[in-house]
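The two complexes that follow have subunit A in common; it is paired with subunit B in the first and with subunit C in the second.
Up next is the complex of A and B:
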């Protein structure tokens, strides 16, 4: 099983080399065998006596991240869909994509996606699942943007990326919470520990996070907006990713975790309500579209909503219907996408307003489309699989019990299905019947090559075979899938005729009202000007994206003014606020006069002189005057060192002071004359407040630090040992070069670097002048 | 004998305090001159005198603390105050401190 997951990735490494041969052999032919053999491998698991298989491989055991693969009925359903439809799509793409396209890229992305998708459905480890989950997002992004020279493709790719990765990240959050609560990374073990999860305080959060991931991936309301824009991808991609596989990853996730959450009432409420809303909204919006693929995109949204709703109901019949419909939807939707691709390929347009009357020109395509659309609509004919699952859906909605608002659900289901019927008919009759408009078409339409037709034929054969013999897939296949989701499934009654029961009447109502609505479609289409009107979710998305841009720009411009003055005041006020708040919260201020020395007369005099000189510096309006007044402060500091018996420091301070004055004088020649500050009074006041407050803060901190000495100083050690160990009597110097020599070394390096930098700057200026 | 010692100590202390007071007054006056100006040379001279006053402070400090360790400081203040005054003077006169084209 490990190889089944990884082989597409391995083959993808060789695709670029193989695609060099494309003048002779279409690259897709090599690729075709990959999903084909995977399909055969997994098909061998089908059987009534199937039992789950677990394979474990170590990856990062210390973090509990292991490559654990678990194949149960649900995964089996999905791997067969992925590999089976994958093989068909690759086959279809051989005829769909011309050899002039960048086939290497296409098949690398496609194989990446296949691997990722197989990984998602087979992983038992949540973190491995997440890894593959993101890989599906990335490869889907690449595939949607395959024609990257088109603006719409890039837009669609970015949109789907942002939305699905947003959901993916929130899902990761849910997974981490699950891991923290249960202490295991295995989904099966989590299911064993469902009680712990259900009694956890974080349960709503976990459910919300995971469902957000599932809803964004499966294009549920209101995150459905990326799917219609993903239709810019090549049609094989739309058929594969955006109808059969990737968009079902969210359904898979919900199904996979529903054994854990099934008894939690909010799971039922959120999943069913969102599912039903998606069903109605998707089918309602679909009728409005004019692009064939857009109709199918909204149709996919709506069908996914229906499956999601059934997963939410959680009753045995609903789960069975959900699993059944996953299979059915993959068959008819895949074929319909391929039909849309054929129409596009042979006529040059997908605009339904320009198409019409193609049935006589493209009879085979039209036949395929009629089965696909009627199955999608759930028309009660005994050879269409869509009808069975739709009827079971109605049955499931009716079986929800009589609790208050859940009685609305059957009505909503019928409304959604009516619109489903309308757009299905619209899709078929709009394209294949009616007036021919050959002059509007870019190409002269004719039947597609047989190679292109094979894949949809196989899928439609699936539709009919499942429709004719539903129990053929039931016992050996769907039964296991349903069991994996809901242990108590004993459902075995798919048959065409159940007698006169409510679901039948619902189906008949759908067909009746749907036909009326379809015929009178032109008359009520004005309603779309009111219901989505101007407040479509795309507007909201675009608004958010552009507002985010301008908003973050405004925020950044607010503080990144380019003015050092602003930065300085921001830094200082931040330090100020944090320190004051922290000091206040921890009661950090201390004031004690125990250890204070008596100030001598000369100290007071020197300090007074310094204070006056420092204040006077601010008011100097000539730079030489300012530096001279500042010199007084420098001298004052030096003499304070003298008074406090630190001759070495005093020496250094004096030298540095003099050198600094000399350097200032050197620079002044090149600097502009000092001007009077042009700041407004407000800025000046703010600056004054900040500087005074900061000075006060430093004073307070110094007082506190001096007043709260918790340990004795270690200076006694130096006093005792400077002669004994260091061989010197000047303790300061012994510390500098002996006890703490390393500091000195690096201070020297700092000076050296500064000197080199100065030389560099001067030389650089000279070179520039030379140029 | 002890009387003479204590008397001389007292004398020294009193002298030190009086000197400090004198120097402080001098510093205050010089500060006034540094700040008010009115011209830059006024300030430069005042700062130079301040350096000399500081030499005095260091000297008296070393008497007060009975230590020879501050003598270096006194000498250094002398040299540096001279140097900085020179630099300021040259700047005020010529606008530059280091002449480039001496040759």
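Up next is the complex of A and C:
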């Protein structure tokens, strides 16, 4: 099984070489065999006596992340869809994509996606599942932007990337919470610990996070907006990713985790309500579209909403119908996308307003389309599989009990289905019947080559076969999938005729009202000017994106002014706020006077002079004067060192002060004259407040630090051992060169670097002038 | 900086005396550092002060002739001496920068204490002289 998951990735490594070497043969021919053999391999598992298979491989055992693969009925359904439709899509793409396209890229992305999707549905480990989940997002991004020279492609790719990755990340958050609560990374073990999860306080958060992941991936309301824009991808991609496989990953996730959450009432409420809203909104919006693929995109959204709603209901019949509809939808939607691709390929346009009357020109395509659309609409005919799952859907909505507002659900289901019927009819009759408008078409339409038709024919054959013999797929296949979801084994004998029961009347109502609405479509179409109107979610998305853009730009411009003064005041005020808050929180203020010495008159006098000099520095209007006055402060410090009996430091301070003043004078000789400050009074006040507050802070910190001594000083050690161990009586010097010699070594290195930097600066300036 | 030449007779005469005293004092500070105030750092600063004074009085060209030292080179030399003193302790299987000292009898001076820390201080001294003179001379000679 591991090999089956990874083989598309392995083959993808060789595709570029193949597409370069064998330019005469279409690369897709080589690729075709990959999904084909995977399909055959997994098809061998089908059977009434199927039981789940588990394979384990170590990946990161220390983190509990293992490459565990688990194949049960649900995974089997999905892997067969992925590999089966994958093979058909690759076959279709051989005829759809010309050899002049960058085929290497296309098939590498497609194989990447296939591998990722197989990984998603087969992984038993949540983190492996997440890894593959993001790989589907990335490969989907690459495929949507395949024609990267088109503006719309890039927009659609970016949009889908942002939305699905947003959901994917939140899903990761949910997974991590699950891992923390259960202590395991395996989904099957989590299902066994469902009661621990259900009694956890984090349950709403987990459910919300995971559902957000599922809803964004499966294009549920209001995250559905990326799917219509993803239609800029080549049609095989739309057929494969955006109808049959990737968008069903969210459904898979919900189904996979529903054994855990099924008994939690919010699971039912959120999933089914969102599903029903998506169903109605998607089908309503679909009728408005004029692009064939956009109709299909909104149709996909609404069908996914329907399946999601059924997964939310959680009753055995609903789960069975959901699983059944996943299969049915994949068959008819895949074929319809291929039909749309053929129409596009043969006429040069997908605009339904320019199309019409193609039935006589493209009879085979029209026949395929009629089966696809009627099955999608759920028309009660015994050879259409869409009808069976739709009737089960109605049945499921009625089975929700009479409690409160769940009675609304059947009505909403019928309304959604009516619009489904309308857009299905619109898709077929708008394209294939009516007036021919050959002068409007870029190409002269004719029937597609047979190779292009084979894939949709196979899919439509699936539609009819399942429609005629629904029980063929039931016991060996769908039962296992339904069992995997809700564990309740209930054998449903699928049959066309159940007698005159409510679901049948609902279906008939859908067809009846749908027909009326379809015929009178022109009359009520004005409603679309009001209902999505300004509240369209694309509008909101674009608004958010551009608002975020300007908002972050404004924030950055607010503090990144380029003025060093601003940065300085920001830094100082931040330090100020953090220190004050922290001192308040830890009760760090202290003021004790019991260790203070009595100040002498000389000390007070020297300090007074220093204070006066410091204040005077601020008011100096000439830079030389400012330096000289500042020098007074420096010499005052030296005197203080003398008073406090620190002869070494006093000496050093004296000499350094002299040298610094001399250096300043040398440097300032080159500088322009000091200008009068042009700051406004407000800035000056703010600066003054910040400086005074900062000075006060440092004073308070110093006093508090001095007032709260927790340990004895280590200086006694130096006093005792300076002569004994260091052989010197000057303790300062012994500390500098012996006890803490490393500091001195690096300090002189700093000096050396500074000197070299001065040389470098001035020499460089000279060189520049010389050039 | 000096656009016209003046006859600084008094300055030059006193400088020749003071510079000598300063240099001597600097050497004293360096050597006495271990037992009384002083050390390589102050000694170095004092030396640069003396040389700077000579520069002021006699002009940069003259001093260059008298003291043909490339001060930039003093920086790596000083750093190397300091680092080598530290690394020397490896020869005796001691940690980096372990110092030792002893008392020796030297003919003229009598009983004298010699410490390896003094070598380190000499490294500091050389570096400081090199750094100060490099910075001042570079900036002062940058006449544009």
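What we mean here is this: the second predicted complex is superposed on the first by the 768 of 771 C-alpha atoms of A that agree within 3 Å, B and C clash if a C-alpha of one lies under 4 Å from a C-alpha of the other, contacts with A are read in each partner's own complex, and residues count from 1 in each chain.
Note that in this section a residue touches a chain if its C-beta (ideal position, glycine included) is under 8 Å from a C-beta of that chain, and two chains touch if they have at least 3 such contacts.
Note that the structure is a prediction, hence the values are computed from the model and not measured.
When both complexes are overlaid on chain A, the residue A:689 reaches neither subunit B nor subunit C. Touch criterion met: A:666 reaches subunit B and subunit C at once.
Of the two partner chains, subunit C is the only one that A:727 touches; subunit B does not reach it. Of the two partner chains, subunit C is the only one touched by A:754; subunit B is not. In the superposed pair of complexes, A:745 makes contact with subunit C only, with no contact to subunit B. Of the two partner chains placed by superposition, subunit B and subunit C are both touched by A:658. In the superposition on chain A, A:629 makes contact with subunit B only, while subunit C stays out of contact range. Of the two partner chains, subunit B and subunit C are each touched by A:647. In the superposed pair of complexes, A:736 makes contact with subunit C only, with no contact to subunit B.
Common to the subunit B and subunit C contact sets on subunit A are residues 647, 651, 655, 658, 662, 666, 669. Taken in their complex, subunit B has these residues touching subunit A: 17, 20-21, 23-24, 27-28, 31, 34-35, 37, 40, 43-44, 47, 50-51, 54, 57-58, 61, 65, 67, 69-70, 72-73, 76-77, 80, 83-84, 87-88, 91-92, 95-98. By the touch criterion given at the top, residues 647-648, 651-652, 655-656, 658-659, 662-663, 666-667, 669-670, 726-730, 732-734, 736-738, 741-742, 744-745, 748-749, 751-752, 754-756, 758-759, 762 of subunit A touch subunit C in their complex.
Looking at the complex, you find that subunit C touches subunit A at residues 1, 29, 33-42, 45-46, 48-49, 52, 72, 75-76, 78-79, 82-83, 86, 96-97, 99-101, 113, 115, 117, 120-121, 123-124, 127-128, 130-132, 134-136, 138-140, 142.
Within the complex formed with subunit B, the residues of subunit A that make contact are 601-602, 605-606, 608-609, 612-613, 616, 622, 624-625, 628-629, 631-632, 635, 638-639, 642-643, 645, 647, 650-651, 654-655, 657-658, 661-662, 665-666, 668-669.
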